[in-house]
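Lettered A, B, C and D in written order, each chain numbered from 1.
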Amino acid sequence: MERAVLLKSPYLTYEGKILSAKMIGKEEKYFKIVLKGGRLLDFEPGQFLMVAIPGVGEAPVSISSSPSQVGYFELVVRKVGTLTSAMHKLEEGDQVGIRGPMGVGFPIQILEGSDLLFVAGGLGIIPLRSLINYAIDNRRDFGKVSILLGCKTPENLLFNDELDTWGKRLDVNFSCIVDRAAPDWKGNVGLITSLIPGVNLDSERTFAIVVGPPIMYKFVIAELLKKKIPESQIYVSLERHMKCGIGYCGHCQMGGIYCCKNGPVFQYSKIKNNIEAF
Amino acid sequence: MEQYVVLNKNDFDDFIDILAKLQKLVAPVKRGEKNYAFDEVTSSSEIALKYIPTILPPKKYFLPQNETLVEYNKKQNKREGTLYSEPLTIFGVHTCDLAGIQCLNIVFSDRPMDANYNLRKKKILVIGLECNEYCDEYASCALMHNQYPNGGYDLFFTELENKFIIHVNTLSGEELIKKMGMIKPASEEDMKGLEQLRIKKRKIFKPEIDISYSNLHPLFEKSFNNDVWNDIGNRCLSCTNCTNVCPTCYCYDMGYDTDLDMNSGSLIRKWDSCQSRPFATVAGGESFRPERAARQRHRYMRKFNYAFDKYNRYFCTGCGRCSRTCMAKINLKETINTLIKTVKAEK
Amino acid sequence: MSRTVKVDVQYLTRIEGHGNIVVNVRNGKLEECKLDIVESPRFFEGMLRGRSIFEAQHITSRICGICACAHSLASIQAAEDAIGFVPSEQTKKLRKLLLDIEILDSHLLHTYFLASPDLLGVKSFVPLIDTHGTLVRRALRMKKACNDICEILVGRHIHPISCIVGGFTKIPRENDIETILNILYEMRNDMDATVELAKTLKFPDFTRETEYIALVNDTDGYPMIEGDIGSTDGMRINKHEYRKVTNEFVVRHSSTKHAKASRESYMVGALARFNLNSDKLHPKAKMVAGELGMKPPIFNPFLITAVQVIESVHCLEEAIKILEELQRKGTDQKEAVIVGINEKNTIPVRAGVGVGAVEAPRGTLFHCYEVDGTGKIINADCVIPTSQNINNIERDMRKLVPEILDKPDEEITLMMEMLVRAYDPCISCSTHFLDVKFIDK
Amino acid sequence: MRKKRIAFFDFTSCEGCQLQVANLGEVLLDVLDIVDVVMFREVMSEKTEDYDIAVVEGSITTPHDVERIKEIRKKAKVLIAFGSCAAIGGINGMKNNFDLDEIKKYVYGKNAGYFETIKTSALDQVVKVDYYVYGCPIYPPDFLKVLKHAIQDIPYTTKDVAVCAECKLNENECMYDKGIACLGPVTKGGCNSWCINSGNICYGCRGMVKEPVKNGCMEVLNKYNIPVEWITSKFNMYNKTLESEDKK
């Protein structure tokens, strides 16, 4: 066997340096990262990275910060398995391998000038936060902005400080709901779907952007359709098992399309008939 | 360049000897009672010229089961895309497997380019071999239009009574022929012999299923909710054999492996199968194809529906391996026949 | 003398399995002296009942991880004996080869990792990595070589895969034989170094004459896999009568049975084989015996380790001899047996009792099965070398303790441990109890 | 960083899995570079109570075993079930095919009262287990993989894919093609189809995959005309212990 070094390989990673790291939830750790050598990460909200620790593994992780936030980017990782546990051991100054950005993000050009309704369930807030902050940073490019956030319990809420600022802004409608309340919880209790009927929206001007656990989509989308939001104005971001991130390895395939390459952001009208999507 | 030449059977031994000396040579050999496998050979006596599709298709040489993609060394802060490859000649590839290689070629020339596949491929010489008879009842090469050679090789051998007619298809093939002293140009008579064989074959190789090539795609498009998936789903054991042996299945897993020094190591690509449950399971345990029925449907759809949409080509070569290997006797031809019957009835 | 000594070694180390040593000397009088076997009983004989005779090998090889091949071979021999199957010449040769490699492997493990740390004054081989780096590397290399050979021959050393009733499911090809031979040729250098090492080791001086038992036969070869049961007290009986020798009896403090033959106790293993059959050793091994000054009969159990080195040389050379012959004649691949043959009834079965007797690294190992007309096991019995030796070990201990009473406690303890270790006991093997219900036919 | 301190323990077993460690050859020295083996009774006399990782071989078969494993669990930060006996009960579980009193009498005879024995348990039926190394004996590359994860303190899961997958990649002729029953389709892979490569069948020593298909298997047996007992008798060899019992 001859060994050759490939100058270009889609599986090679860049080096990322962790600027800071902290726990922001029971199982979630936040990372602020820069690419080494001043390399810029040119991405759209909704795109993701393949994050690697050599010797341990690699996993898809959404970029949680907005592209308007320059100088560094942010990731939030929940500890569930091999790689994510290893990531939780990383601290400021440590390195990670980065491939990406991968996939198709939210279509900012299409969204601009319209009303936005964000619906986030659980960890869905991690990728959605990128677009929310983008919209807030470029507030004047958009119409009405509403955010609906659902979570299991109040302790599971991430980005508490940021949620507060969103809540305090007069140009953002923010509501939050939990499945199960804690004694000192004063907010809403119930399923996220129960918030939708109360939202005041102009269905023709509104784009709904939904990210959450698999079971959430069916019910949320049904509510949105009841509100007469056109199917073509609903965007979702889907999670699938991914290995290569570039449309080869087959793990993320849903029907004929690849979640990593054709998604993870999809226009609902385009995939509603894909029997493996929801 | 395109030309036909002739090798006398008496010279076949010498031909293989020379071939084996030039670079590593693999060819079908007998494995166990009823099986064959591509394996390294050094003389013609080891080669099974009459063989039914090998346990694994030649894809194992193009897309190795375990392949190093990246090597790293933490202390030296080094990461390198790596390719391990060697010059190789594959002798005796049937037309169905040639089609399989073509399918993989199409897939891996998508963007971003998979350098490992494409560079390795450049080092492989492919010598095809025509089937003059049917392999067995599992084959459906005629339905899939793969019973005749259709490119994808450097040289192609057709066995006539006492000689092989060789079609030279590429420059590499031509160079190889030049190194062989015993090769002669094909005469008109030889060509007539070849033509006659093909005519004879036309009578033997008839579409194995009563459906036209072009109707397969619409058939599968209409079959998402067919009961047949539940039926085979109930029988399937998820042993993953059907996908591993398929010449056009290329799904893979990737994982890092570290050396014992905990410093250096590599990123390895391994074959993976959509028939196993973990394949589409995400953190939290949610599986997107939890039922075997859905996994089986996915396998079929990838062959007859999705690939056709994307590449305008079926990703089934008709080699019959999946049916042959399946211990639950899930049979591709039967499945398609059931679909034909039930989809018609639905209308 | 009014000395009081209490030795209580819990979980004896560097032996296979769990055992404790208890010695009690009060006012110079030996009150208690025993080797407690505290291994959990494993019920192999009980579990075998109802199993097909063709499954016995797979199960009984799991009795012991160190001598899994010997158990396999004894089990197969018993099974084939019971159903009246006669293996081919090639099979017999391959089995002999396998046993040679097993003994080689086991002796190396014992000499280098279990016994030599005592003789070099350390607690284990780990400190030796720094002080005796070449020695440790050599030991690991030799062990790995045996392992690699077993991998080619039977799939793996621990719980061999391809060696079953009827023969081998996989027969080494030409290139396999060549590979193994090369490994063995290369090992000769390391073996020479091992002999040199043995020359430097100082073994404690102690003698106790006992009865020595091993397989004997009338061939020229060193008996390993076929023969009658022979003893230095002049006994020679057919293997089917093994119970006359092993004579097992149950002792309260031990989960293994004790044994006695012509006298109150006897010894099996390398030293017993040497005392009985040394004239049949390979010439090279005989030479090594001379170099080490070993001449039978030897009554010092501490010298078992030295004899193991001699046997290692023998096994290495024997293995090479067998392989060179196979290389000359070639192997017949058609003899490969298909594993399910039993289920396909290609080997006829009949009711009967079969005995397997082979020389395992630690001594004569007996397996005995009674099967019914369908080939199912009705009764099973396995007599393991260590359970035959334990009685003898205790008697050695009883003689040794008074002789070393003038030494400090730690030294006495160490001597006791070394004595037990010298026997290379294999305790998980020997924990089996069977009330003798067996009807000898 | 201090090297992790590893201690080996054995319960009811043949100690073959520990021996597989000694069989690593010179690789063992590389292992000793990254960890401190502080206790390994089979080949070492050193003893200590201070260890990070307990590698435990063998099943739990006596009341004393139960106490001892609980003690080890208390002291160890990480516990690795090492080999089939520890991970799934393994061959010792065959005992559970019999009535406990009956088998005791058969083997002990009139001395049945001397020794206590209980139904065979896998470690995780008694204490919490962090890592599993399957196999009878363990497959060394598998062990090294788990060890590397354990010293980094990150989880490791054996992929839930049948032995058949590896068997096919090794291009073995399938046993079912020869009309012989094989446990490959229901057994967790990772051994590189060791046994089949050497011409034997798979006996299921690594335990079952998460979702074995009962009805599918039955149909296969019918098709090949293989009596169910051939499969069940093999199945009862290694997989009896975990039957119908919950994990800790």
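The rule is simple: a residue touches a chain if its C-beta (ideal position, glycine included) is under 8 Å from a C-beta of that chain, and two chains touch if they have at least 3 such contacts.
These numbers come from a predicted model, not from an experiment.
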Between B-D and A-D, more contacting C-beta pairs sit at B-D
Comparing each chain's Cα average against the average over all protein Cα atoms, the nearest is chain D
When centres are defined as mean Cα positions, the distance from chain B to chain D in whole Å is 37
Return the distance between the CA-based centres of chain A and chain D, expressed in whole Å. 41
Roughly how many whole angstrom separate the Cα centroids of chain B and chain C? 51
Could you please state the distance in Å, as a whole number, between where the Cα atoms of chain A are centred and where those of chain C are centred? 64
Residues within chain C bordering two or more other chains: none
Identify all positions of chain D at which a residue touches two or more other chains, and write them in rising order. 148, 152, 178
Each of the following residues of chain A touches two or more other chains, namely 55-56, 81
Looking at which chains touch which, would you call it a line, ring, star, complete or other? other
Considering every pair of chains, which are in touch? A-B, A-D, B-D, C-D
In the complex, chain D residues that touch chain B: 27, 30-31, 33-34, 144-145, 148, 151-152, 159-162, 164-165, 168-169, 171-174, 176-178, 184-186, 209-211, 213, 215-217, 219-220, 223-224
With touch defined as at the start, can you tell me which chain B residues reach chain A in the complex? 69-70, 72, 74, 77, 79-86, 107-108, 110, 112-116, 119, 224, 250-258, 262, 265, 267, 272, 274, 279-284, 286, 288-289, 294, 298, 301-302, 305-306, 309-310
Taking the touch rule as given, give the residues of chain D at its contact with chain A in the complex, in rising order. 148-149, 152-157
Residues of chain D touching chain C in their complex? 10-20, 22-26, 28-29, 32, 37, 40-47, 61-62, 64-65, 91-92, 94-95, 97-98, 103, 106-111, 114-115, 117, 136-137, 175, 178-181, 194-195, 197-201, 203, 230, 233, 237
What residues on chain C touch chain D, complex-wise? 11, 13-18, 39-43, 45-47, 49, 51-52, 55, 58-59, 62-66, 68, 109, 113-114, 117, 123-126, 129, 136-137, 140-141, 143-144, 147, 154-159, 161-162, 164, 168-170, 250, 252, 255, 336, 338-340, 343-344, 428, 432-437
